[in-house]
Each structure stands twice: as structure tokens, then as C-alpha cells.
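Below you'll find the structures, each written out as C-alpha cells.
Next come two complexes, and both contain subunit A; in the first it sits with subunit B, in the second with subunit C.
Let's turn to the complex of A and B:
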């Protein structure tokens, strides 16, 4: 491994199995891309239309945003491949950040608990 | 220390300035840390002289505040952390059987950012006044401090902190990706584990510091109002942000020491570490809980009773995994064939000393009681018990333990024992009595005290202890200088258990001629017991690919430092010039093709004495 030159040209085409995998991957990318567009449209419509009350729209849009982030990470940034430590660290980091923000939101205010 | 290099035409100085070798970078971290340790130690001595007698006129009040701030900041960011980084850099890749860290170039950049950050911070003393708002730099004390002192603090830590963050990411990637075949996570030595968890803590905690410093910079240099209550700002937010970073920081300082002690205790008890998986688990739990307790530094701010209670209980919970570790060390020692080397003496002394610091920690965590302890010498005693009795003992233990591997000679054990005992006695003399000073009401961070308050004798004793520690430290320096002839038995002097002792001393540039095959926890010990005492190879002998050295990291760091000075003196042109230099160097790095070089098989064989 140590002496493989990373810039060396690859020879030959991909194998049959590789080709099938690539096809599957590109399909899943397309589907998730469309789904993301759909979510974004929904978010816009939720805010634009008068039927949806604000008290519902805000948490709903936030929920959609959360789904988008997760899909971003797993589908487009390939977090499902590679080491599981990547998962551990991203989620631990999110957890710590969320705890911190929540605590600050509670602790900084005028009301003391 | 001269490792064989493929191109031996380079001059020694150029070689060290451009090196990307993790061992040389580790050594430079080590000496950089030692240098700043000495400076901060001198600052401590000056403070202790001032406090030796009531109403001393040795230092002015402003000078005292500046020394206090520089001492704390330097010890934490420029001494303790870099010393640990030195060991991590040197030892961790060896322990996992890797040829280097994952990103050697970034590693070198991290080192130079630390060095330049340290220089920026210390230049403040020559440039009209050091920072004087304490290492915590609470607003509004820091935002309204006159002069440029606090600006040096902000920019120095910003530059050094960027380097720290890079190194941490580097360690994480190295440990996840570059372990030798057979080295599963649960076969990693404890020091590698603590390096891993420490790096995670840095990764999550340092961004909070970066933001805190950024906001300070906004307020001080760019006319912001984040912490200006008159304009709707909030000063308590600064304390939260600081301690969200600051509490994990103290675990960043202690976890590597835990790792070092685990290695040393099992080596010198000649036993496998008791409860290995519990130790790993406890390390992770401590790291995790470390993020949930920051507000125990703020009980007296007035957060409210429920918040105080929650943070009090969370803090006490950390005592549980810490206790697990203490008991596992004791049980490792239990029934072992213990040899009392200097390294092990520090490890043994660590256990009671650190427990004492832990006990006062739990006392401080009782939020109601903390109203009494807060901002007194009780706190000073507490954090010196954990920081010196934990981190510094760990650093000294690691120094004696790994010195033969790092420098190719053994430190004198007899002189080392003098050093150990003087330091131990001096340490307890200095800080034990400060508990009582605090309890009878001496506030911390004061430049003097009045006669007749009952503080005189205890302060005098405390200062005497500090001098004893200074004498001990001088013995260490002498030891380093006069032991150079002990070059026999340096390859594996302690009958080691982990992989770093399977390498030559000093270590070859490529660490392992062939990547070793790991067959058990304590890989080398397993081969000593069940094999022929040598690591089995996981690959055939082949030429080795090595990265080229580079001078660019110094210039990238230099550019950032120039920009930092621009911020300090609000000189826009200088900021632009500095950033331009940095980005130009990064650009060169990006477009220049550099595939490294190969060490031919013939040379590896020659190194092994087979050619």
C-alpha cells in the first residue's frame, strides 16, 4: 500500500458489479435530490400560505430542516460509508451543541430556575 | 537524536525547521512546552515572593495581575498541553504501529501555530503590558482593560488554538485509520485511548473558546457590544461560553496523564492493566460528562437553585468513573512485582495527591458550600492539586519513562529520586496549607494582604514550598544535561509491554521497517511471552514511502501572526499583508506537486544491520 502513487492513471473499465453499484447509487442520489426539492417546496408553501398557523409552521419547518440535514449528511456527504467513528463524532457533537444551546436558552433569561 | 535521513545533505537547522516527522515534531512540542513551563514557573515564583510577607512591596498590583494572568494562561495553553502533545505526537503513532500521523504537513503547521501563538502572548510583556484579566478573561474586566494586553491574550490564544485544533483532528484521523493490522480499538494501549478521547474533547471544546475570543475581539477592537450591558449586551454569556470550553479543557489536561499513568503502572507492576475495558469506558464517560458540568464554575453568578442543583449533581457524577480508574490502578498494583523507578514513583504519588484534589472538587461541587469557597485560596489549592498532582506528575512520569526512546539516553535514577522527593514535598507544602488559607478567608487573585489577619505564617510556608519545587526543577534540568552518557540499555529499558518499545532507540525515521502484526493487547508483551520477543511482520520488507519536509508551515503560521499583530494594533494594512502571506503559502502548497520520496530496501537493511 505504502508505495501506491495516488496520481497514477487507472486502467480498464469498472467491473460488472461495480457498474451495478454505481447505477444504484446514482438512482438513489436522484431520488433523494427530488425528495429534498419536495421538502424545500413544502417549507416555502407552509410559510407562504395563510391556512397554516404560525405556531405550527415554525416547528414544522424546523423538523423539515432536520430531515434535510440528516439526508445531506448520509446521502450526499456519504456518512453511511467509512468508519463508524464518523457517525459517533457527528452525533456526539450535535448532542453536545444541542445541550449547550438549550441550557443557555434556559439559563440566560430573566427568570431564574 | 540524528535519525538517518534519505537526503543527509540538509543542514541540521533546516532539517528541524522543515520536518514533518511526528517524532521530531513531538520533540519540538516537548521543548517548546518545557520552555514555557520554565517561564510560567518563574512567574509563579515572583508571585510567591510577593505573597511571602504581608504588605510586601516586591511587585506592584498591576504587575501582580499581569503575572497572575500570564502564569495561568502560559501553564495551561503553552506548557501543559504542548508537553502532552509532545508525548502524543512521539508515542501514539508508535503505539499503534503507524509510520507517521495521518497528515504530517498539518502536524507541522499545528506545531508552528503553537510556537507563534506563544510568542505573540509573551511579546505583550515587552510591548507595554501583559494581559491582566486572569486566564479566564471575564467580561467586562477584559473588555474594559486598558492598553493592548488583553488583545495579545485574544490573538495569541486564537493562533495557538488553531494549531491545537488541527493537531487534535490529526490524532483522531490517525487513530481511526492508521492502526497496524490486528490493532483493534480494544487492543489499543491506554495512552492511545486517552489521546483519542482528549482529541475529541478538543474538537468539541475549542470552537467555544474560538467564539468566545472572537466576541471579545469584536468588543475590544471593532466596537462591538456583546458584553456591554449599557448597550443591551450580557456579560454572563461570556462566562458560559468560556466554561463550556473551560471545563472540558481541564479534562483535556488530565486524561493524557491518566493514560501515561496506566502505561507506567502496568509496566512497573509487571501486570496487565486491571479492568482494561472498564478503563476505556471510564475515559469515555469522563469525556462525555465533562461537557455537562461547566456551570459549576458559576454557582455564585445567580443562575437559580434548580440550575445549581442540576449542575452540582452532574459534577458529582464524574467522581464515579474517576473512582473506577483509581481502583483499577490500585488493583493493577495489587500483587504486582512493583519496581520503584522515578517514573513509577510519580505514578504512585499521583494517586493520593490526585484523590485529594478530587475530594476538594466534590466539596466545591456542593453548590451551597461553594458560596463559601468560591474565589478563595481553597480553589487555588484545589486546582493545583489536580493540575500538578495530576497533569504535571503525569508529564514528569512520562518524561522519565519515554526519555530513552525519545533521546537515546536514560535519565539518572538517583538524581531523579532527589528531584521526585523534593518536588513532592515542595508541592504539598505549597498547596496543602492553602486549603486552610482559603477556609479562613484569604481571597484568590489578590496582590497582597494585611498583617494581623492570620495569613502570615501559612503564606510564608507556602512560599517555602514553592522554592523547594523550583530547586527540584533545577535538578531535573541538571539531570537532563549530565545523564547523556547513559546510552546503554535504551531500546527497552523497562521491559515494556507496548509497541513503542519494539522500535530502536532513537527511533528510525520510518518507525517500523515492516508494519508489525498485533496479536493481543500489550502487543510486545504478548510476543515476549508467547513468541520470540520480536514483533511479527504484517508485510514483506519493501521500500518505504515517506513525505517530504516543507518550510511552508512556518510561513503560514508567520502570516497569521502578522495578521494577529495587525488586529492588536488595528492596522488594516498589516492584517491584509499577513493574510496575503498565509494564503499565498497555502496556494503554493495546493498547486505544487509533491509525492514524497522512497527509502530503498538496501538502506532499510543497512539500518537493521543486515546489509
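Let's turn to the complex of A and C:
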């Protein structure tokens, strides 16, 4: 096997097929960015306007946040393209974080009231 | 032996950040780190949610938060996520110049976000929200401040990458470094999505 210097600048450009893929990716990222801007604006408007009742606004903005996070993870961070261990680690992390949030919020809340 | 040290011309592979074993290890290891970071922020969010109404006569969320400022900060951070996506796409194209430009854009937006956050904290402090004023104050500053510290670290990290690799093009050794920095940046954005929802939107509307 020949020796490859990892610090040598890479030469040439992407193949035609690769370039098409990158163009498609560029477009889809721009679309998902605009969608994220849209749901973020919706979340802010839901809370800022007095029309929406609080009981509906809270679960609604939490749902919007959930959608946005999944889009960030799978679209921007390409989580689906990596090893399955990536999914295991992140979802385990989210699971433990959710348990921690629930436990702390409830425990401290009960202690207080 | 001499041939071992000769620089061979390496052509651009489809995913330069994952073309070497070291690159793949960095990529996988970094996701493990992000799994741990998720738990770290989980504990801070849980604490904040438990303590957010313990204002002890000090300023409350409704007194302090201005959604317009938070909206601007959110837009800045979301846009910086997009610029870093474009940086990675240009890295895969082998376009070193555009990679550096888009990453520099990300740094500028990150620094702008940080500026707004510092301004926000100064305003709250002048309004009477010191760190030890109430449990709400401590948990708020700890949660949002830890996020801000992550932004500051990210700005520093990417800036050093930009200085170190401003010349010389994309290589198999620096592509994974840029890629993990971008993953970190997206993670900061993910955490902010929860902060603006749980801290600010629920603080004002809940």
C-alpha cells in the first residue's frame, strides 16, 4: 500500500454525480432552513399574541421545538448517515435528559409547594 | 524508505471528513460527547424548571424577558447553522476558499449572538437580577450562561481552525476537524431551540 500524506491538500473536484448530489443537498438544506424559520416565527407569535390560550400554547411550542430539533439532528447534522451508535448515543442521551428534567422539575416543585 | 515520506497527490474523496480511520473515529467519538452534553443540559433544564417560579420578591420572567430581543438572537443562531452547512458542502466540493468564507460567516454570527447575550445579562443585572437574588436568577444564569459559554468556546474553536488552516487547502487531516466543529455548532443551536422555548416562551406565556 502506498503512503498517503493526510496533510497534503486534496486535488481536483467532486465527480459529476457527486456535484449533482451536493447541489440537491444545498437546495434541500435551504428549504429546511426556511421551514425552521417559519416554525420558530410561529412559536414566537403563538406566545406573543393574546389570541391563543395558554393551555394550548405551551404544548404547541414544545411540539414545534421537538420538530425543529429532529430536523437539526437529521437534516443539518446528517445523523441518519452515520453509524447506528450515533443514534444509540444521542437517543440514550435524550432519554436520560428527559428523565432528569422530569425528576428534577417534579422533585424541586413538590418540595417547594 | 524515501518513497514513504514523499507527498503523494491525493484526489478529493466524496466525504473527505470520513475518508481516514482517524476521521471516522473523530466523527463517532464526537457524537458520543454530544450524547453526554445532552445529559448535562438536561440537568440544567430540570433545575431551571423546578426553580423558575422561586423569585423571592426579585424580578420575574414576565418583568424581564423581551421576546423581540430573543427572536433576533434566535434568527442569528439559526442563520449561523445554515452558513456552517454551506461550509461543509463547499468542503465536500474541495473549495477551500468558500469553506473558509462560510466558516468565517458562522464565527461572525456567533460573536453577534454572544454580544446580544452579554447585553441581555447586563440589562437584567441592572434591573436587579443578580446571580444570588433568587433561585430563579441562579438557575437562569447557570443554564443560559452555560449555553453562552458553549457559544464562546465554539467561536474560539472555529477561529483557531480558520487561523491554522487559512492557507494550504482541504486535507484529509483538517476536514474532520472542520466537520466536528460544525457538528458542535449545530448542537449549540439545538440547545438554544430548547432554551428559547422552555426559558423565554414559557417564561412569558406559561
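We take it that the second predicted complex is superposed on the first by the 100 of 113 C-alpha atoms of A that agree within 3 Å, B and C clash if a C-alpha of one lies under 4 Å from a C-alpha of the other, contacts with A are read in each partner's own complex, and residues count from 1 in each chain.
In this text, a residue touches a chain if its C-beta (ideal position, glycine included) is under 8 Å from a C-beta of that chain, and two chains touch if they have at least 3 such contacts.
Because the structure is predicted, anything quoted here is derived from the model rather than measured.
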item	value
Touching partner for A:36 - first (subunit B), second (subunit C), both, neither	second
Touched partner set for A:77, first subunit B, second subunit C, both or neither	second
If touched residues of subunit A are counted for subunit B and for subunit C, the larger one	C
Touched partner set for A:13, first subunit B, second subunit C, both or neither	second
Which superposed partner A:58 touches (first subunit B, second subunit C, both, neither)	second
Partner chain(s) touched by A:44 [first = subunit B, second = subunit C, both, neither]	second
Set of subunit A residues, in rising order, touched by both subunit B and subunit C	2-3, 5, 7, 83, 85, 89, 92-93, 96, 99-100, 103-104, 106-108, 112
Touching residues on subunit A, where the partner in the complex is subunit C	2-15, 18-19, 22, 25-26, 29-30, 33, 36-37, 40-41, 43-44, 46-48, 54, 57-58, 61-62, 64-65, 68-69, 72-73, 76-77, 79, 82-83, 85-86, 89-90, 92-94, 96-109, 112
Of subunit C, residues touching subunit A in the complex	3-14, 16, 20, 22, 27-28, 31-32, 34-39, 41-43, 45-47, 49-51, 53-54, 67, 70-71, 74-75, 78-79, 81-82, 85-86, 89, 92-94, 96, 168-175, 183, 186-187, 189-190, 193-194, 196-198, 201-202, 204-206
Contact footprint of subunit A on subunit B as seen in their complex	99, 172, 176-177, 200, 203-204, 208, 234, 236-237, 240, 244, 288, 291-292, 295, 302-307, 542-545, 593, 595, 598
Residues on subunit A engaged by subunit B in the complex (per definition of touch)	2-3, 5, 7, 83, 85, 89, 92-93, 96, 99-100, 103-104, 106-108, 112-113
